[in-house]
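A single structure is presented below for examination.
Think of it as A, B, C and D in the order they're written, each chain with its own count starting at 1.
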């Protein structure tokens, strides 16, 4: 069965900025979704900030195996209730891929628990991504490095937690480096951060970039059933203990009570 | 110089529950702070939910090397502005130790980015903590295991990210296990989660528990200067690039502009 | 295409010990291979210590996607040349699963770089394995815990490096705990250590244990092409540099020279 | 009390190569040890390949808190018995720092369990090291980046296990990147790999490099008592079990027996 992907795009600069509109006449999220639909085994649709609930209703998330997120100018306009819903879905097993400037998106900051800072420069300089984890599924079919002739620079320190795996590191012509491909797990959800994708450059038309994103979708997909309430903290009553124990000492809670949240 | 510790206590059950008041006549946070002040090289004070700004003003956090957090019944009453401030301090380099039911405290959930779920049972059963990382500084001076005769059970799955290190794992008489001592880094701040400490049992009077907390304070202390604005994402202008580059292609941002947040 | 598995068994106690022969009339490796062949999508064969080159010729390893290893009494009889070959295959991308007493097998110690110590007790006591990483592919289809009524105890500290992920932790009736399911990556190879399987108990007839091993095979399988010489350290000559550089300063090496090994 | 460091040098090119002898008239290990002795709180001595037992007798290792290793041309001449001894000391709690070409040193390969491959180019090109983990103790007192005007290039993929922490990443003028500062723990020993230090360049005279090495010594030092036999796997007899259990089922081992190694 096909992996169901929702590509979420902020959809601001595509509408307001002529350069971006020319580079991405089908929008950035539309371009990414189209590439995924050509990749095989993936069915991608899009959702945007401007739709009701940003296009991320409970029903949409329930039918999304992997969510891709691109945002930049309008991080602050994303409703907290939607951010909560997205995080719950991730914890329950939805995969999620954050692209480029989504390093400061609300759900990324929430899932990282870290400042997510970096340095940046918009000069159309050369970026070269090196594969650091050989034969990693996210690097399948790639050469040992590939280049993007024009990209925005992001530089270290990148204020994220130590990842499970570092898959790519970028070299920039201006002298910086950046951990460009990082994997995480939060609850039952697999996360991947992938750096490239400044909106004034044709990055998402690049075949290697498209391949990374499709690989990451397959890697992030958790086929297990979604956990309905990943934060539930069930009481295990004494009389249902797996080993025979006797209740001892004073108690704060009553039988069958919910704990404090 | 002495490590400056603030022990934050919710201070609810000590005031409202007779059992807890009897076990901790000096409050839980007071008991922990007193033990730290006897440990050597540590100066501990307390702060509570009921104080203005919960006792965690910017000045207090600036003068705190390591913050210890115990909360249970009143997680929801902690102001979000204080949570933000605490997280910023951690990212800037403040160490932080979360105790027991603080697994559901707002700052812990924010720093983990994860559901932090677990299972639980209040039956006064035996807990035995095993050291899993030999000669780890947080286990200094401990035997290879120690017991707490009466504790609340916390069981796996514990919904936290993979830690940097697993230092303790608990065995419970009723048949469960739990990762009881976990280290993390968020920004420049070192974090430690330590499981024991249900308020109706004398856990914080236990010598081994006191030793773990004092060890964890020393481990979590980052002597480097606190980073003032850990989330800052400075622009590196083209003319200040470390290698000579020429600006190419279209731009979204103006010189010296702040990026989007 | 089917995942090709080789189940390596030491095959000593099955031949010499009546109890073991009765529990495993088809040998332990034979029992494991048969279960894998019933699992779907896996084709398993066996190899043993007593065969020439322990049944692990270069041709066999080249045709093995995932190698499973069980050894106990005869770790020292495994030829170092075969250990080298197995490690090279792992680094090149072969998956590998180590079972139970293989914690002291030569290839496990070589791939861990650690003492791999533990404590143990052979008393037929109850072991209960808890899933610590919810919805992890290696735990697919399992309940949140399962029991083995009679097992040998292994206790912490388990002297292995911090894993990528902790998937299972065991509770033992005698009071110990153990990290029973751990994932690692070495080179391009995925590794899984799984604790249960003392030879005098019917562990490998257990449906949950069989399921874990089949899941682990699928998880460990790296479909990418095997790297032929994973330790090669190629020189990148100056005239082939990706950015134009000029050779400067004194040299130790000649053009096209191999580096020191 | 002072941290006791032994700086181990292969001491081959200093004796045979005029360029190296001019750059390091006091040898590389001598230069490093002298810098450490000036750093404060550290007492450093040297040992070399040519000494009996390579200068690494059991007595020397027992009196060494942190061992630093530089080797290149003569990795193969290091006796396996000494490698075993060094690894045992690390597992028991000795800190260890591997420099530059020691990525292929026997003890590094043994402690990593991985191929440790990389790419390289000897062109005296510019290397710029970026701090990726802000306020990490190993980066104490450093700027956010520093340069070495002439260095040998090492490029990704670097075939080591995922580290606990990535502290530095290098940018090279010729277009490559490399994870230049990585932390690990093996047994009770803290390990640090630090990339710079090709013998024909004055790297170990550089103030930032000297600072990193001194910082790493302080970080790697484990003040806990050395574990005498880190690989011991003690039996825990039934009658000494922490919880009352009764022996059940068949046994392979006799009381008080040592397990298989």
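Rule of thumb we're sticking to: contacts are C-beta pairs under 8 Å (C-beta built on N, C-alpha and C of every residue); 3 or more make two chains touch, one makes a residue touch a chain.
Just so we're on the same page, UniProt names per chain: A, B, C, D = Trehalose utilization protein ThuA.
A quick note: this is a predicted structure, and the numbers were derived from the prediction, not measured.
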Most remote chain, CA-based centroid, reference being subunit C: B
Selected pair, greater C-beta contact count between A-C and A-B: A-B
Centre distance in Å when subunit A and subunit C are each reduced to the mean of their C-alpha atoms: 31
Mean-CA-position distance for subunit B and subunit A (Å): 27
Per-residue multi-chain contacts in subunit A, two or more chains: 128, 133-134, 155, 159, 162, 164-165, 173, 175-176, 185, 187, 230, 242-243
Residues of subunit A that touch subunit D when the two form their complex: 128, 130-134, 144, 155-159, 162, 164-166, 169-172, 175-177, 179
Contact footprint of subunit C on subunit D as seen in their complex: 13, 17, 19-20, 72-76, 87, 91, 101, 104, 110-125, 150, 153, 155, 159, 161-162, 164, 173-176, 184-187, 198-201, 230-238, 241-243, 245-253, 259-261
Complex interface listing, subunit C residues touching subunit A: 93, 128, 133-137, 140, 145, 164-165, 173, 185, 187-188, 222-225, 227, 230, 242-243
